[in-house]
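As written, the chains take the letters A, B and C, and residue 1 is the first residue of each chain.
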């Protein structure tokens, strides 16, 4: 089957508006979903789940969230770590306060609470713009981490200051706690990723998405043609934070199980998610996945090559990784500001016309 | 011809002009010590093409910015559709039915032509965030209905071929046309055009003039335009306001304005003494 | 005077001294921002990197020793000599100039005309890159910086002031190093202002800051000016790095402290040198006083966030900062 659009005529605006206008893309989308849901759960190992797949899925949600804010609405935030912490601690408090309520509901509620917190910290975006705002979101980052570190109510007065997820079941299968099997945590994350991605796609293709993009491209003109900047920016902050909160809750409850806030959700986490968005592609849902996959795999591959193959010390490889990530960020911003997603599009564009160059 | 009557008039080419859409009463706008607009009053009537002309720095753009709510005048009143406008935000003005284009094109460069024109219809789309998130109920239906309206305008302005092109890649003349499309998509009661022909060659100017006339004809849109090029303006517009140094120095049908000695002075640069 | 009141004053004095250091880092930001519109997130890492380089050169470390050892299986560490402080400082400045040139040549020359936010994100990438290079070159262990700067509290001031507040008050405790840092910072500011006011390059710098196009048209090389301001910022970073390094050792956290220059700038305005200084002092005093007065009630360590929240609240009311230029929006 060739990658072509000829012969695939669109006879309605509905058909023209669909997510994957090219038939081949649609088939591939279903194949990817089928493999993700029907094949991987049966072959997954602990190593693959913990090292790659589960963090990939969780970071994808966070990257989609940040991409809505930074890539679609143009408001760069450095507070992602702090908002993930809100999701994680809300989830922890809910899990311990209402042990009988379904854990999946807790995770969604954690997203909701984070959305409120995010909208509150988004209020300054009405007055301040660009990197002023980026720096202002650092206030959220440092304040929230401090809050969860210093106020004992948040960690239920535990002596270590850590929080750890109690075991919770869904349909009789453990999805949090030490007895969770690899496939269960994978599937929980996968379901959330699928729903989040579809919601994000729907929002960004509709009128709300256009409001965000118009604010991003030229905020003054957007306001003059009738976009309410308050509504557009705050909805972007809230929805972005909703996703980030869910990812924080999953990160804590399903992935790590126990966390210390400064370590898990520090400023470096904010930067990591921002890098995923930049490398993957600002303003692209697919890019969020690509960026998350790239930055989750990079350390694993570097470790395989550096430590396991060449026998270099771990800290040296970690330093090389910093250099490499920094380099890639600069490289992508110079060469391809729309990231891996745009590279992918260029390849597809070429494929469509192959074997002709134009 | 007496055009001060409140109940409209009929133009030379036989178009019926209705009652007042916009009424500006004694508008004064200052920036610090500088008076950009000095006690200006005029009205715009339903269905007419109204031009605001004047030399550089006369305050034309400031006037347009007052009408579109971006600048707030220190004195005077703006009446729109029979209601006095109180201090409102620019987006609220847009929702009341004023759309505009910009002198230095203000398109959304990261979006396609189609998406840009669709942004013009944002205020006509009512699906809630939840409906959009799940793409249920009104969301999809509304998207397609509005797409049809937008496609009509795209056809009308002859930009079908570029509808999926990112705006950033378009040449200047086409961008101006896309901007017009975006403003039209809002189905405005009043369309403001800020130097629609600035920086265009003769051919492009002719195209644009034709589109402006056609828009007025086909949709009955009330248009207020600022233009530098006297010749074009005189051909296009039903009535003309002439500004100089923030003051109104002439107002009337093109012929009347053309023979106004003060206007001639302003354009030929005769000193005011 | 009561002892509590006097201790409060001591907190303020210490806050002022800390503020001077914030202002110093903030100066580096202002220099670059004025000349190129780049908001340099990497300024803090530059302070860390320059301090690491200084220590490395002084101790005669082999650069990239760790990497070389890993690749070639050798085990080199030091050249076996030590370099006198003055020479090492000159060499470090040389390294920072080379760094400035490279940043210009390989990064920002390719990003001319991009939106500010893209440039900003590029400097975040630069910060990661430079941090990694610093670790690769000199290792990531905490290093002591021995420049022979005075350490510890000043006994003279303590004795002089102990009589002020009766039996409960033992005199102001003020770190000698802070006093030195304050003097150095004041000298540096005078030097920078003199440079920008009275030299040919200073004038060119101001011209570029004012209007790129106009500066180009009178024959000023933008490239040269940008390398110059990045070098100056590197020099300022070195001074800040040395002061902080001497106080608490040269380590990664230094670049995080330096991040506090960001709220300083938001408070003071990105384009104003006096603003950076005033902002630095306000933040320095503000966070020390807040910690002293409110900190004990809420669990302490409020210095982590106070500066940011203060700047945030302030910005909501005055988006251009204390002394920044008014932002005018046009269409």
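Heads up, the rule we're going with is that a contact is a pair of C-beta atoms (placed from the backbone, for glycine too) under 8 Å apart; a residue touches a chain by one contact, two chains touch by 3 or more.
The structure displayed is predicted, hence computed values, not measured ones.
Participant: Which chain, with its centre taken as the mean C-alpha position, is closest to the global C-alpha centre?
Facilitator: Chain nearest the overall C-alpha centroid, as shown: A.
Participant: From chain B, which chain is the farthest off, judged by mean CA positions?
Facilitator: Centre of mass proxy via C-alpha means gives C as farthest from chain B.
Participant: Starting from the mean Cα coordinates of chain A and chain C, work out the distance between those two points in Å.
Facilitator: Going by mean C-alpha positions, chain A sits 33 Å from chain C.
Participant: Just curious, how far off is chain B from chain A if you go by their C-alpha centres, in Å?
Facilitator: Computed value for the inter-centroid distance: 42 Å.
Participant: Per the centroid of Cα atoms for each chain, what is the distance between chain B and chain C, given in Å?
Facilitator: 51
Participant: Hunt down the residues of chain C that sit against at least two other chains at once, touch-wise.
Facilitator: 331, in rising order.
Participant: Going by the contact rule already set, what residues in chain B reach two or more other chains?
Facilitator: Counting only residues that touch two or more other chains, chain B contributes 70, 102, 106.
Participant: Counting only residues that touch at least 2 other chains, which ones in chain A make the list?
Facilitator: Where chain A meets two or more other chains at a single residue, that happens at 220-221, 224.
Participant: State the interface residues of chain B toward chain A in the complex, per the touch definition above.
Facilitator: Residues in contact with chain A: 68-70, 89-91, 93-95, 99-100, 102, 106-111, 115, 118-123, 125, 127, 129, 132-135, 139-140, 142-144, 147-148, 151, 182-183, 186.
Participant: Over in the complex, which chain A residues touch chain C? Could you list them?
Facilitator: Going through chain A, the ones touching chain C are 74, 76, 123-124, 127-128, 130-132, 134-136, 138-139, 141-143, 145-146, 149-151, 220-221, 224, 267, 271, 274-275, 278, 310, 312-313, 315-316, 319-330, 333-334, 337.
Participant: Please give the residue numbers of chain A that touch chain B in the complex, ascending.
Facilitator: For chain A paired with chain B, touching residues are 12-14, 17, 199, 202-203, 205-208, 210-211, 213-214, 216-218, 220-229, 235, 239, 283.
Participant: Hey, which residues of chain C end up touching chain A in the complex?
Facilitator: By the definition above, chain C touches chain A via 39, 66-67, 70, 107, 110-111, 114, 116-118, 120-122, 124-133, 135-136, 140, 256, 259, 262-263, 265-266, 298-302, 304-305, 308-309, 311-312, 315-316, 319, 329, 331.
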